[in-house]
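Below, each structure is written out as structure tokens.
Below, subunit A partners subunit B and then partners subunit C, in two separate complexes.
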Partner chain A sequence: MRRVLLPLLIFVLSGVQILHAQSFLENAQINGSFQTDAQYYRLDEGIDITDLYGKKLGINGFGKVNYSYGNFSAGMRFEAFLPELNGFRQELNGVGLANFFATYDNGFIGVTVGDVYDQFGSGLVFRSYEEWSLGMDNALRGVRTIIRPTQGVTLKGVYGRQRFFWAPYNERDFAADDYRGIVRGVDGEWDLNQSITSMNDSEFRVSLGASFVSKKQYDQSLFYYIPENVGAAAGRINLGYGRFAFSTEYAYKINDPSAINNFIYKNGQALLSSLSYSQKGLGIVLQVKRTDNMSFKSMYTATQNDLDINFIPPINYTHTHSLPSMYTYSTQPNGEMAGQFQINYTIPKGTALGGKYGTKLALNMSQVNDIVRDSVMDNGHLVLNKKGTLGYSSNFFAVSDHRFFRDINFEIDKKINKDWHVTAQYINLFYDIATIEGHAGAPDVKANIGFLDVTYKIDKRQSIRFELQGLWENEVHKGYEVNEDEKKDFQKRGDWAAALVEYTITPHWSFSIGDKWNYGNPVPEFRDHYFTGTVSYLHDATRIMLSGGRQSEGVVCVGGVCRTVPASSGVSLTISTSF
Partner chain B sequence: MKKLLSITALAVLLFFAIGCDKIDNPHKPFIPVSGNKTVLIKDFTGVRCNNCPAAAETVHELQHQLGEDCVFIMSVHAGALATPTGKFPDFTTEEGTIWYNNNSSNPLFSVDHVNLTDGNAFYVGQVDAPLNNALAEPQLFSIDIENTYDEATRRVNVENTFSAVGDCDGKYYATVCLLEDSIVGRQAVQGIGIDTAYVFRNVFRGTFNGADGELVSDGPVFYDDNFVTTSTMVLDSTFNADQCYILTYIYDYQNGKILQTEMKKIK
Partner chain C sequence: MKKLFALLVAVLLVSGVQAQQKSDLPNVTIKNLQGKDVNIAKLSNNGKPFVMTFWATWCGPCIKEHNALDEVYADWKAETGVKIYSVSIDDSRSTAKVKPFVEGKGWDFEVLLDTNKDLARAMNVSNPPYTFLFDGQGKLVYQHSGYFEGAENDLYEEILNLKK
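Showing the complex of A and B:
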């Protein structure tokens, strides 16, 4: 009997397992994406590339797959940098499973194990994120728990260690280059409109939030007591009434001496506020920001764009055309006073200026200055930013004369008729290139920039787009005297012109040719052309793009975080797809 | 539910309490170094590097606290930010560029060449721990520097005597360097812009015997063995002989690690 029952039981149980497995596959959702960016580099003496340093080819690629079934989801991302493209950190070189996670969330409780991406409020005390174009990933490997005890209340906790390229997560050698501390944080958010029945449909909207994040690091210093637990707290409020919205967040961090702030023991603080108004055809935004000593990294010795626990949001306009985006602002973590004002207005359809389709106008002004720092007493002496002291004192409302950046721009976007569409923008720019890009002693960039972007629809399938751009510096241009040994700091300075023609056959093909010409560089040998030609093919969610030509030196910035892109010449291929 | 919220609130309060260390007095008590092991810090710096002066100040502070007879600092101008532009002075050297090999920023530091061969020099905040380790190591050699200087020809003759103070086995090389102290010139400084009267400390000016130096011993070495090397150099006419020093270090050729360093003023 037993001989019969046992195989029967095994057979039945196997059947149940198979049914479960089938259900797990058939009723699940799977999505993902793949991308490969490759570039073949070539020597190009015309733009001073006389040595490739042994690297003819760079490839960055990733593939990620996410699976979800009911309350369960899981995913992974595989990355390869073989070797990394020029301009990306060398530590990326390698291949492997970079991220993975599993989440169970039933609405009341959600638990994630593995690599966690999340943000508390606007990120002033905690944000873990990944930005492929920067080669940046500070995912927290550990655990995240979310509890929603009642309608409108969300409590969150995170605990883990940040990704540092390919460094192991279990590094126990405190003196190792890749050692970093543990990050732990809690956040609570209360949406009063959801919690309080009488406010459910109110035009007045309120939500409150608070966060606390702490890092646990190891004191390696021989001479200074480095705090092994550094905490940062933030409180935020979001208010809305009708068409008005106001949000503000204040963050405070206790003593956090680090290589970024020259090992001073001053507390840090940040304030970010935003007031906006919107109605059909009109949007107005006013933002202000003050940061003071708010670099917050999971290891106090880190000095580059890595191991950031928090994120200081930039409040500047994001330009997309090549010449306006040549001088993009990079956040200064040790202190900023910034403001931005933006107004968008659409001249209504059917008016003299609005025409048949309306006319969109946008004005944006933003400026960033340094904070004011005053000396402090240390052992009877006045010191300023001295290591092992409180560093400095700073009046919360004082603005330094040292201006980092200013951008005033005005844009018109007009659909003239069903065939023609025109966008034009003027930008007045101030850019402290010595501070932002480290070109010590180089004069500030003071420039006027403009572009015209015109699209003509040939027929239902074909269109052609033209771009004309110009950048004119006020002081540095042809005739500006540059000493022989100063030339390196003038690689991309002076006046520029750029033009591009793009021909598109929907839904698959696009062809473009373009040129950027640094015709007004004060150094004659830098007056180079940067020709590019691009062919791209789109099929559903798959895109293949092949381009060739020259790329000028510059910076790529996303959210105020930047990486330098060296000048290059060659052929590049991008393949991306998603499902 | 109330119990859950109470537990959560308690946990958060506890987290607040343990999550912050407030430091009232940042300075650790000074612990004098015992033993005769000396350490060389190479400060890879640049005249156009904004952050270099503060970093240099930091390591000099370390040296001051540990003792100037056991920690030596040599400012090696190398890397993109050391390449001068305009009126910035040129302190770059062929040997400095060789030592800097595979690194890509300033300021960076090597402590007795640990990690340097991998192209992983230290940031300023990382110097403490390897410095501590290096000072704690046993001394294997002592170095005695003797020299002559001829004012008329500006020729410097150096005789180095390396005495073993313990038994060891390996291939040992020595490099003899020339340093010039207290040079005044232009330097980029964070928060100031350009300091036109910056005082450059212990600037590496070149070697007497090449970046890799010369062979001292190959094979087993026993206590009290002595090895002598001699070298010579004519000082550049722009160098101030009153501020010039000879710095000699002996190192293990297999791993590049410096075993002992000594320094002596030329005049």
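Showing the complex of A and C:
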């Protein structure tokens, strides 16, 4: 019997194995996506492109695959920048497996190994994320553990090194200026309403959270003593009562001299708070923010959008039309005092002003100023922001007269009848271009901007959309005197007009042509037209977009992180699909 | 022998059960507007189909799509019982604005917050708007990238197809 049993056991077990292997494939989900963004560049003397520097073609592409089976999931992403599109970091040039991970999560415990994306609270001390359109990815290659001991309690720990373009993770290549440190962090969150039974259905909602993150870095500096361990901590509270919600997070960082903060040894702080009221048809939100020396990178020499451990969210309106978004605010890492107020209101249907469909109104105001910095004593001398010292002291509540940005805008969104839909917005903008874009000495942008966006439905399948936009500066006009050596700071300045027509055949096709004209630039040779034509094709999960023409110099921002796009001329193609 | 046979049957049964449970919803936990954790793998609509649409407060076409869906949502619900989950990928610069924004626009969808794009990544959403339709068992039946005027009619046809 035994002689039969053993082979039988092996046979059955192998059968079980095969069954498992089959179910591993059959019952698993496999999905993924691909995207390619390519641009063919051409010379265009009209907009001063007289040299392509050997780059006629740029291609950014990725392909990713996710696999999941029950509590297990894994995935990888392959990237190719051959070479990278203009405006992306040159270090991206290359090809390879940029990202992979495996996760097991049964609800009580979740473990991820590989490239980790996560965020603690609002991200003031830790956020790892990826933004393809910016070429930015600060994934943490290492381990993440999540434990949920009871309903409403979440504990997280992360540990790893951040992605630095294509730099290897295991070697510390000091010769290649790769001083990346190690990032580790823990976070706890307690949602009282989910964990305390009697509060489950309470109108009063409370959740609390706290995080601690530290970096271990390598001191390679000849001039400064660089602390090898830098810690940052944050605490947060979210409260809600009926239609009101309040949330706040405060973060603190110990001394962290870096190329960004001019190697000062001051601590850093950040506070982000918001209060909102919402009921059907009306939403009001007020946000305030103060940051002081809160740039937190895993390499003290990094100066651009790479190796950020935390995320300082800008709190202002994000414009999407081309002229309003030409001057988009990007976070100033060394300090800001910011506030924002927004109201969304829908005039109800069936009233005189609401009409048959209701009228949607929105008002947004936001402003960002610098913090106040006072001198500190260093070896018996008063110093301000001097390298190797404590830098400055700053009154928490003081607002500097130096304004970086202000945006006051009003929007009306109205469906007039079955066929016509109109959206219009007026924007009053102040933008300190010298600080934000580094055009030292250039006058501030003070502008009135407006757009009108009208859609007409021809029939069930066809529609046509018109877009008219204008940007008028208060001071910098045609007659404004510009010296020869300042000219480069006046590209795109002055008045603009833009128009676009888009014809759509649902569900697949869209054709558009448009022009942006910098007709009021103070420098005559910059008064250029930027014609573009675009054809888009959508089919289920696939999107193909072909466009040709000129692109003006500008800033592309997602989430307050920006990249500058140089002026270009040529043809670009985007193909994306998922399965 | 009998025990082994029983084991084999048990294994078959288990794999059978697993096969039945197959859904296309990823095992990702995000929050709703009340701050409550929502495990996407457990989303359902009492056996009726549901739509999941990705958007952001800063995305123009997304708002057009949501306005269009809002106009027809009451009719759709009455006729098919469909439910719409609206997943905002706004990050911490605008998460606090999502609830007043949604209420101010008067939308009636079940809104979820995908603050660090965990769900968007798991479902391969690179650019909003992006719309998925799931049947009553959580199986993906239709997905669409982007929004063109009137595209909600095609989505509704897909929903009606599920009723047949």
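The rule we apply is simple: the second predicted complex is superposed on the first by the 558 of 579 C-alpha atoms of A that agree within 3 Å, B and C clash if a C-alpha of one lies under 4 Å from a C-alpha of the other, contacts with A are read in each partner's own complex, and residues count from 1 in each chain.
Keep in mind that, in the parts below, a residue touches a chain if its C-beta (ideal position, glycine included) is under 8 Å from a C-beta of that chain, and two chains touch if they have at least 3 such contacts.
From a predicted model like this one, the values you see are computed outputs, not experimental measurements.
Enquirer: Check subunit A with both subunit B and subunit C modelled on it and let me know: fit or clash.
Expert: fit
Enquirer: Who touches more of subunit A, subunit B or subunit C?
Expert: Touching more of subunit A: C.
Enquirer: Looking at the overlay, what does A:71 touch: subunit B (first), subunit C (second), both, or neither?
Expert: The second partner, subunit C, only.
Enquirer: Under the stated touch criterion, which partner chain does A:223 make contact with: subunit B (first), subunit C (second), both, or neither?
Expert: first
Enquirer: Would you check which partner chain A:542 touches, where first means subunit B only, second means subunit C only, and both and neither mean what they say?
Expert: The second partner, subunit C, only.
Enquirer: Which of the two partners, first being subunit B and second being subunit C, lies in contact with A:284: first, second, both, or neither?
Expert: second
Enquirer: So, does A:311 touch the first partner subunit B, the second partner subunit C, both, or neither?
Expert: A:311: touches subunit C, not subunit B.
Enquirer: Can A:184 be said to touch subunit B (first), subunit C (second), both, or neither?
Expert: First partner only.
Enquirer: Taking the superposition as given, does A:48 touch the first partner, subunit B, the second, subunit C, both, or neither?
Expert: The answer is neither, since A:48 touches no partner chain.
Enquirer: Looking at A:438 after the superposition, I want to know if it touches subunit B, subunit C, both of them or none. Which is it: first, second, both, neither?
Expert: Touch status of A:438: first partner only.
Enquirer: Once both structures are aligned on chain A, how many angstrom separate the closest C-alpha atoms of subunit B and subunit C?
Expert: 22
Enquirer: With touch defined as at the start, can you tell me which subunit A residues reach subunit B in the complex?
Expert: That would be residues 90, 147, 149-150, 155, 174-175, 177, 184, 186, 212, 214, 220-231, 233, 254-255, 257-259, 262-263, 265, 300-303, 385, 387-389, 434, 438, 440-441, 483, 485-489 of subunit A.
Enquirer: Which of the residues in subunit B come into contact with subunit A in the complex?
Expert: Going through subunit B, the ones touching subunit A are 1, 4-5, 8, 12, 15-16, 18-23, 25-28, 30, 48-50, 54, 57-58, 61-62, 65, 81, 83-88, 104, 115, 120, 122-126, 128-133, 188, 191, 193-194.
Enquirer: In their shared complex, at which residues does subunit C touch subunit A?
Expert: Within the complex, subunit C touches subunit A at residues 1, 4, 7-8, 11-12, 15, 18-19, 22, 24, 26-27, 34-37, 39, 57-60, 63, 67, 71, 91-97, 99-106, 115-118, 121-127, 142-146, 148-151, 153-154.
Enquirer: Under the stated contact criterion, what part of subunit A meets subunit C in this complex?
Expert: 5, 8-9, 12, 15-16, 19-20, 22-23, 26-27, 29, 31-33, 35, 64, 66, 68, 70-71, 73, 105, 107, 117-119, 121-123, 127, 129-130, 132, 152, 154, 191, 193-194, 205, 207, 238, 240, 245, 247, 272, 274, 276-285, 287, 311, 313-315, 318-321, 342-346, 357-358, 360, 362, 413, 415, 455, 457, 460-461, 463, 465, 504, 506-507, 510, 536, 538, 540-543, 559-560, 576, 578
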